[in-house]
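Input: structures, listed below.
Two complexes follow with chain A in common, the first pairing it with chain B and the second with chain C.
Then we have the complex of A and B:
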């Protein structure tokens, strides 16, 4: 399971404040602790509050890199903010870009722009692509899979290996009216996305979205994560500080035969990471 | 989710002792508490220790029926023990028989015998049938599904409605050597068993088997149950006293759109049962 730590995000108060105060300690502590907790990537999102988003992204990247070499996942819907981060990112660490929707005729440049940035960022770079387009986020299974197929086709045409693409079928909160079927639809989409290419693309989800504004947040996150792993999810953007969630990751990997059972399988899983 | 409470089983020390002492209070308390905790059926298994298994089964059935009318699930591999229980079971409560393997040429009578007992036990009776035959428990997906198809065909031929059959693909413990792939295989089998007939058979599992002898028993049970529900499992033999497991049931039902989200969805789920 490829885990992307979600905590360095300007949406969180302490991060927003640290960016405003240029408080390196807070950010470096989050980077170090998420890495220790099992994060393979660290998401880096300046949030919407920073007036100079490009500057904030560069400061975050430089600050994190001074304390650890965990691969960063530059997270912005604005290509110029991603580009600013790429300028200061250490190419030896690898990089992930997060994220682009599928382009349609009139805004072809969005997807192409992100793919081009990923391709120029070195041979280990990865890109998260969302199954959404100008029509928004699809509610049904077929449109999600069709958009995923479009993503796979586009990256194959550009010579970008499919395992370097992370398809995100986009989780909506369970409390959104008229979206009650979406959790099941996402699972059905996962079943199919795994067969789009050989080797298949990775699949990722912003897990915490599903419980946004809901009660029992950790429980909902945990149960849906177990379900999704059993349908082929192999990556997620998560709160790696949620200890119970991490136990779910280890247990799911063992049950899906990614790790042999031993009496200390949870400890063994995290030791091996 | 159709839940079968597993606790009235002579394998448990307190039940074994209560059977030996003819201590009605212990059994009636287990029956009442399991029903309150959300059990739709109460499994009744005399265990292997009782010298007079038929007498013990009758005593258990009569004892439980004096305190509640929850449908019983008579659990024995011996048809004569089931028959003894049926003689004293209240036909108004409905009944479930647990369980028979698929018969093969030379022991055709086993499956037929259980099906005949179920058919004679009234129009609401149900039967749990295991996907195993004289060759034992299959490890692979295809044999499990083929045996399930054989079960469905047999009951259709006898005019027994498919929703009255509960197919049990048989969980093995995660710590059994050479069975590491079985959890994933069971899930793949579930995907297919749902399409064997319309309306489909129910599917059930003896959930606690998966963690027999393992560490982190409740965690393993919970995670596998969430996965299995997302692959179409609609019944399970469980420890309904495991509060966290019951929260997983409620959360899984909500995520799979069997219940609409509300902030008190867990409470709402159990209130509606």
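Then we have the complex of A and C:
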């Protein structure tokens, strides 16, 4: 399971404050602890509060790189913020760009921009692409899969290997009116996305989104993650500090025969990462 | 129609491990052996992907075996009383790249010899041959825990391969292998889950996984062969997928297993062909079969079988 640690995000109060105060210690501690907890990538999102988003992104990237070499996942809906982060990112660590829709009303070319940035960011770079276009987030299975297919086709045409693309079918909060069917739809979409190419693209989800504003958040996150892994999810943006959630990852992967069982399977899962 | 390219590439690989230490490295070996390093399934990729050539370790017993069939025993009749001469013969005449000293004679039911005897055998064989050694206990936990630490100490500096540790008995030998800087065989009874668990247990003791060889137990007939094959194949696939707890090279014991199979050892059997050919061919076929599942070291006994398998390895791993 490819885990992207979600905690370096300006939406969290302590991160927002650290960006404002230029407090490196807070950010570096989050980077180190997430890496230790099993994150393969560290999401880096400046949030909405910073006035100079490009500057904040560069400061975060440089600050994190001073303390660890975990691959960063530059997270912004604005190509110029990603571009700013790429300028200071160490290419030896690899990079992930997060994320682009297929197209936007305001920017028809947005996908091509992100893909081009990913292609120019070295052979280990990868890109998260959302199953979303100018019509918004699809509510049904078929449109999600059709958009995923369009993404796969686009990247293949540009010679970008499909395992370097992470398709995000977009998880909606379960408590949003009329959205409760979406969790099930996502699972059906996962089944089909895995057959879009050989080798297939990765599939990722912003897991915590499903429980946004709901009660029993951790429980919802854990159960849905187990369900999604059983439908072929192989990556997720998660809170790696949720110890029980991490145990769910190890156990689900073992039950899906992706890890050989041993009595110490949880320990083995994390020590082998 | 062009042949489709079906070569797969993998994220992980089998660990590389070197046995033996030359004088410059603090030992007295005249050669070392490196195994492992495969980055693909056997025959699955390029020559570079296939890692180091598998090697054959020829068995030398610490005490004269009394149950070997004539067709096997006659090759060693002049040396069976002397493990040193026996080892020398395996290296000089039969081209052994490794010698596996098997301490059957210390087993409580097979002579119950003491640590002094085992240490003497170790020292004699070390002096007689220049190839690296495998030092393999008698598989009686209590006796192995008493004797093998002294054997390990006697071979200190030689970077030998010590065996074996199991889920129920790993602490003594792991600690001594760690102290004497040797390599270790982790054994499981044809059970991949236990195999992984033993690796985790020795790793928890601080033993580097890069110095471990897996022994899944070997079968040389029917289901036994099939089980060993499929477990070793699964281990290779786990290693290639990046499972560090399963990324160790693999050892098989084809010699012992073959020569306890009735069909291989029976002297007179109408319709089975001559025992002189049947036994060695059985051993060779068993070894070649398991090589294809991803074996790195094969313990063998009959020189004719060794010749056939060496020839096979040289032809395939070029």
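By our rule, the second predicted complex is superposed on the first by the 269 of 273 C-alpha atoms of A that agree within 3 Å, B and C clash if a C-alpha of one lies under 4 Å from a C-alpha of the other, contacts with A are read in each partner's own complex, and residues count from 1 in each chain.
One rule holds in what follows: contacts are C-beta pairs under 8 Å (C-beta built on N, C-alpha and C of every residue); 3 or more make two chains touch, one makes a residue touch a chain.
This is a predicted model, so every value here is computed, not measured.
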item: Which superposed partner A:68 touches (first chain B, second chain C, both, neither); value: neither
item: Touching partner for A:2 - first (chain B), second (chain C), both, neither; value: neither
item: Chain touching more of chain A, residue-wise (chain B, chain C); value: B
item: Touched partner set for A:267, first chain B, second chain C, both or neither; value: second
item: Touching both chain C and chain B, counted on chain A across the two superposed complexes; value: 260-261, 263-264
item: Complex contacts: residues of chain C adjacent to chain A; value: 192-194, 196-197, 200-201, 203, 234, 238, 241-246
item: Chain A contact footprint on chain B (complex, rising order); value: 174-175, 180-181, 183-184, 187, 214-216, 219-220, 223-224, 226-227, 229-231, 247-248, 251-252, 254-257, 260-261, 263-266
item: Touching residues (chain side chain A, partner chain C) in the complex; value: 258-264, 267-268, 271-272
